[in-house]
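Here come two complexes built around chain A, the first alongside chain B, the second alongside chain C.
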Partner chain A sequence: MSRFLPLAAATPLLLAAAVAVVPAVVVRRVVAAAAIATCGGIGVAAVGSTGDGGVLATQLGGFPPPFAIAMAADTFAGLMLVVFALVTGLCLAFAGLRGHDGSPRAHAGALALLGAAAGATLTADLFNLFVWIEVLLLSSYVLITIGGTARRVRAGTIYVATNLLGSSVFLAGVALVYATAGSVNLGVLRGAAAGSGGVAIGATLVVVALAVKSALVPVHAWLPRSYPDAPTWVTALFSGTLTKVGIVALFRVVTVVFDGAAGVREAILIVAGVTMVVGVLGAVGQTSMRAILSFHMVSQVGYLVMALGIGTIAGLGAGVFFLVQYIAVKTALFLVAGAVESQEGSDDLEELGGLVHKRPALAAVFLISAFALAGVPPLSGFVAKVALVRAAFDGAAYGIGATAVAVSFLTLLSMVKIWNAAFWGSMPEEPIPGEPRAGLLVPAGVLAAVPIVLGLFAESLWVVADRAARSLADVVVYASAVAP
Partner chain B sequence: MAARALTPAVVVLALFFLWRGHDAPGGGFIAGLVFGAGIVLRWLAFGPDGIGPLLPAPPSRVLALGLVIAIGVGMVPVAVGEPFLSGAIWELSVLGTELKVASSLVFDVGVTFVVVGMVGAFVRGMGSIR
Partner chain C sequence: MSAIAVVVGVLAAGGTYLILQRGVVRIALGFVLLGHAVNVVLLASGGLQERGVPIVGASSDPADPLPQAFVLTAIVIAFGMTAFLLALAFRAGELFGLDDTEGAIPPDERVDRDLDEAEPDGNVRGGSETQVPGSEEDP
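Our next item is the complex of A and B:
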């Protein structure tokens, strides 16, 4: 099994090259589906075969460890592959239904993004992680500027400049780690930050760079300035994969290289709290659905790293549970915004109103996802937040626990604002002509089923999330699999 | 004139880096960058039509071909039960000289194509903004 792991990254990349030159859009869609299924299938297989707490690992090129680039999958990595594949498939489906996948760049970009996300999730080598993140960014540059309007190019410029800066910091950090520890293999680097100042500084630079990519405050400002201007399905795809790869890498680097050191976790908790608050307050002043949702993305990233800051098995488990359901919920919300924008001609709250009468199904999907985001019972967001807050209190992190609860209410307020302006009230007197398309709501509908199912049957994901948390925390098993 | 004279030198230099990259500094990425520098040079000297001799195909095709070569050669060993990207080394006797050829050279050729395609796409994309 383990030698097939690299195919989760290689297949989407290979087929991205193929779809770039295929003229028929139908063929491109089929090829894309095959690539996504391969990646997701490998994820399922990895989750299935790491149930005993084991770690699958392979050394690329058959070179001896720790000199080869190692790729490894524990339950956490396998689960993320499945989620990334699912989100990519549904976002491409939305693009197809909307008629926005006419350019070969759409499929090629999305597949390359998925391949790079898989590579970054699986790799156990810091420099290789840098390379995957660069591939990820390269494909996202292509996607964010599809259509090439002036606004999009401007959004792309902010995005590219910020991320190139982040990448430089990342590379400097990797260089410092290599210069002091003599290796970039995560297995060799297990707990190395405690023993060497050079490794600690280098790894901190890597963490800072990953914070930029994940849009943590105070290095978050690029995200709400660039995401709302990309094509809707691209914003949804980015929200579900791109920024979350930063989080996945952050989880891995902090648990392995810092071995969950208390000082680092405390710093992360402070950043998490500030991120939650700044993101949720930033959303207040926004007037379009996508801009509000983009600020909430910043806010919710705070919850994710909060789990890392708590650092206990219960905390990490809650974080994994939160991450999986949140990706589904947030992608659903962006796809709803996309459907509204497509059918009503705008997603600006001042141009909308009364959608609950006109499009009840759309309103229902929005309501479920919005409540799940805010954490209203019995949806999965509630289960995730209760678990997170409980883990925080159990770990004596009272400040962050209270912040998490308070920010939930503010999140609900923002969702109510969208609801009141777009779905409630009276219809606009001079509606902008939209272009309704059949089935546009299906991808969002599928995703909106996730918080219901995971809310009512939380146990099923909880078992996997708990295993994922244990695999994250058990760095000795991970390290000995990666660098035997 | 200088650009015309330098073109073959750039190509030879790129091939040299590609060849020695297995055991010495160089490799597919560097070769692609050197080749790409040749493309940029010709663009600056002769304009958009001047890059034809170095880049006769659309850049996206070159990039795609490179990806297929690089990843394809990595997948072959997986099919026969070896780790991804495992390589073989062949000793050949060419014109009385012993040559060591590694299968990773194919991978490097793919990487070169990717980088050349990328540089070509950059030059075309940015060069066409008025």
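Our next item is the complex of A and C:
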């Protein structure tokens, strides 16, 4: 099984190159579906064969460890592959239904994004992680500026410049780690930050760069200024894969290189709390659905790194559970915003109203996803937040637990604001002509089923999330599999 | 060793100055300088003293080939990124007449309505340009 791991990244990347030159859109869709299914299938197989807490690892190129580039999958990585593949498939389906996948760049970009996300999730090599993240960003640069309109060029400039700066910091961090530790293999680097100041500084630079890519406060400002200007399916895809790859890498680097050191976790908890509050307050001042949702993305990233800051197995498990259900919920919300915009001609709250009468199914999907985001029972967001807050209190992190609860109320406030302005009230007197298309709601509907199923049958994911948390926390097993 | 540190410092300072400018071409040049600074750090991470060729058995004190491979990869990536940034600058020049993307659109204006769809040749059709006040029309 482990020798097939590189295929999860290689298949989408190679097929991305292939679809870029295929003229027929139908062929491109089929090829994209095949690539996504391969990636997701390898993820399912990885989750299935790491049930005993083992780690699948392979050394690329036939070099002996620790000189070869290692790729490794534990339950956490396998689970993320499945989620990334699912989100990419549904976002491309939405683009197809919307008629936005006419350009070959759409399929090629999305597949390259998926391949790079898979590579970054699986790699156990710090420099290789840098390369995967660059591939990821390069395909996202193409997607965010698709069409080349003025707004997208402006958003693209902010986005590209910020991420290039982050990448330079990342690379400098890798150089410092290599200069002091003599290796960039994560297995060799296990706990290395505790023994060497140079490694600690280098790894901190890497963590800061990953924080930029995950949009943690105070390095978050690029996200709400660039994401809302991309095509809606691209914003949805980015929210589900791009920023979450930063989180996945952050989980891996902090747990392995710092081995969960108390001081680092303390700092992460502070950043997590500030991120939650700043993101949710930023959303209050926004007036379009996508801008509100983009600020909420910043806020929710705070919950994810809060799990990392708590650092116990209960905390990490809650974090993994939160991550999986949150990706589904947030992508669903962006796809709803896209459907509203397509059908009503705008997602600006001032130009909307009365959608609950006009499009009840759309309203239902939004309501479920919004409640799941805020954490209303019995949806999965509630389960995830209860688990997180309990883990925080059990770990004596009272401040962050209280912040998490308070921010949930503010999240609900923003969701109610969208609901009141767009779905309740009277219809606008001069509606903007939209372009309704059949089936546009299907991808969002599929994703909205996730919080219901995971809320009512939370146990099924919880078992996997707990296993993923143990594999994250048990760095000795990971390190000995990567660098035996 | 300290000479290398000074080189890195000067490159990083120049890069930072250029990145803080508004024009996209300057920003691109700034990232070229910053990339060079990081590449020198990367090269220095393998040690700077002169050593033998890194072939098994050919030398008793071989050089470390890995940082060279790192730098080569980083240069290729930086080349792609620079090309993309320059393409953005070119597009901004087409749209605004200059490569300053920040001054062209007030930041508090509403976001794009996204009714446009890119055609394979990169042209844009659709109605959003005519509906949103002050939006993307070629000058």
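The definition used in the following text is that the second predicted complex is superposed on the first by the 484 of 484 C-alpha atoms of A that agree within 3 Å, B and C clash if a C-alpha of one lies under 4 Å from a C-alpha of the other, contacts with A are read in each partner's own complex, and residues count from 1 in each chain.
By our rule, a residue touches a chain if its C-beta (ideal position, glycine included) is under 8 Å from a C-beta of that chain, and two chains touch if they have at least 3 such contacts.
This is a predicted model, so every value here is computed, not measured.
**Q** Name the contact category of A:246: first (chain B only), second (chain C only), both, or neither.
**A** In the superposition, A:246 contacts neither chain B nor chain C.
**Q** Once chain A of both complexes is superposed, is A:317 in touch with chain B (first), chain C (second), both, or neither?
**A** neither
**Q** With the two complexes superposed on chain A, say which partner A:58 touches: chain B (first), chain C (second), both, or neither.
**A** first
**Q** State whether A:131 touches chain B only (first), chain C only (second), both chains, or neither.
**A** second
**Q** Quick one: classify A:156 as touching chain B (first), chain C (second), both or neither.
**A** The answer is second: A:156 touches chain C but not chain B.
**Q** If you stack the two complexes on chain A, which partner ends up touching A:175: first (chain B), second (chain C), both, or neither?
**A** A:175 contacts chain C only, not chain B.
**Q** Who contacts more of chain A, chain B or chain C?
**A** If we count touched residues of chain A for both partners, the winner is C.
**Q** Of the two partner chains, chain B (first) and chain C (second), which one does A:225 touch, if any: first, second, both, or neither?
**A** Second partner only.
**Q** Looking at the overlay, what does A:103 touch: chain B (first), chain C (second), both, or neither?
**A** second
**Q** Per the contact definition in the header, classify A:4: touching chain B only (first), chain C only (second), both, or neither.
**A** Only chain B; A:4 stays clear of chain C.
**Q** Please write out, lowest number first, the residues of chain A touched by both chain B and chain C across the two complexes.
**A** In chain A, positions 104 sit in both the chain B and chain C interfaces.
**Q** Please name which positions on chain A make contact with chain C in the complex.
**A** 99-100, 102-105, 127, 131, 134, 138, 141-142, 145-154, 156-157, 160-161, 164-165, 167-168, 171-172, 174-176, 178-179, 225, 228-229, 231-232, 287-288, 290-291, 338, 341-342, 345-346, 348, 432, 435
**Q** Can you check the complex and tell me which residues of chain C touch chain A?
**A** Residues 19, 24, 27, 31, 34-35, 37-38, 41-42, 44-46, 66-67, 70, 73-74, 77, 80-81, 84-85, 88, 91-92, 95-96, 101-102, 104-105, 107, 110-120, 122, 124, 128-129, 131, 135-136.
**Q** Contact residues on chain A for chain B in the complex?
**A** Against chain B, the touching part of chain A is residues 3-7, 10, 13-14, 16-18, 20-21, 58-62, 71, 104.
**Q** Given the complex with chain A, which residues does chain B contribute to the contact?
**A** Where chain B meets chain A, its residues are 60-61, 63-68, 71-72, 74-75, 77-78, 81-87, 104.
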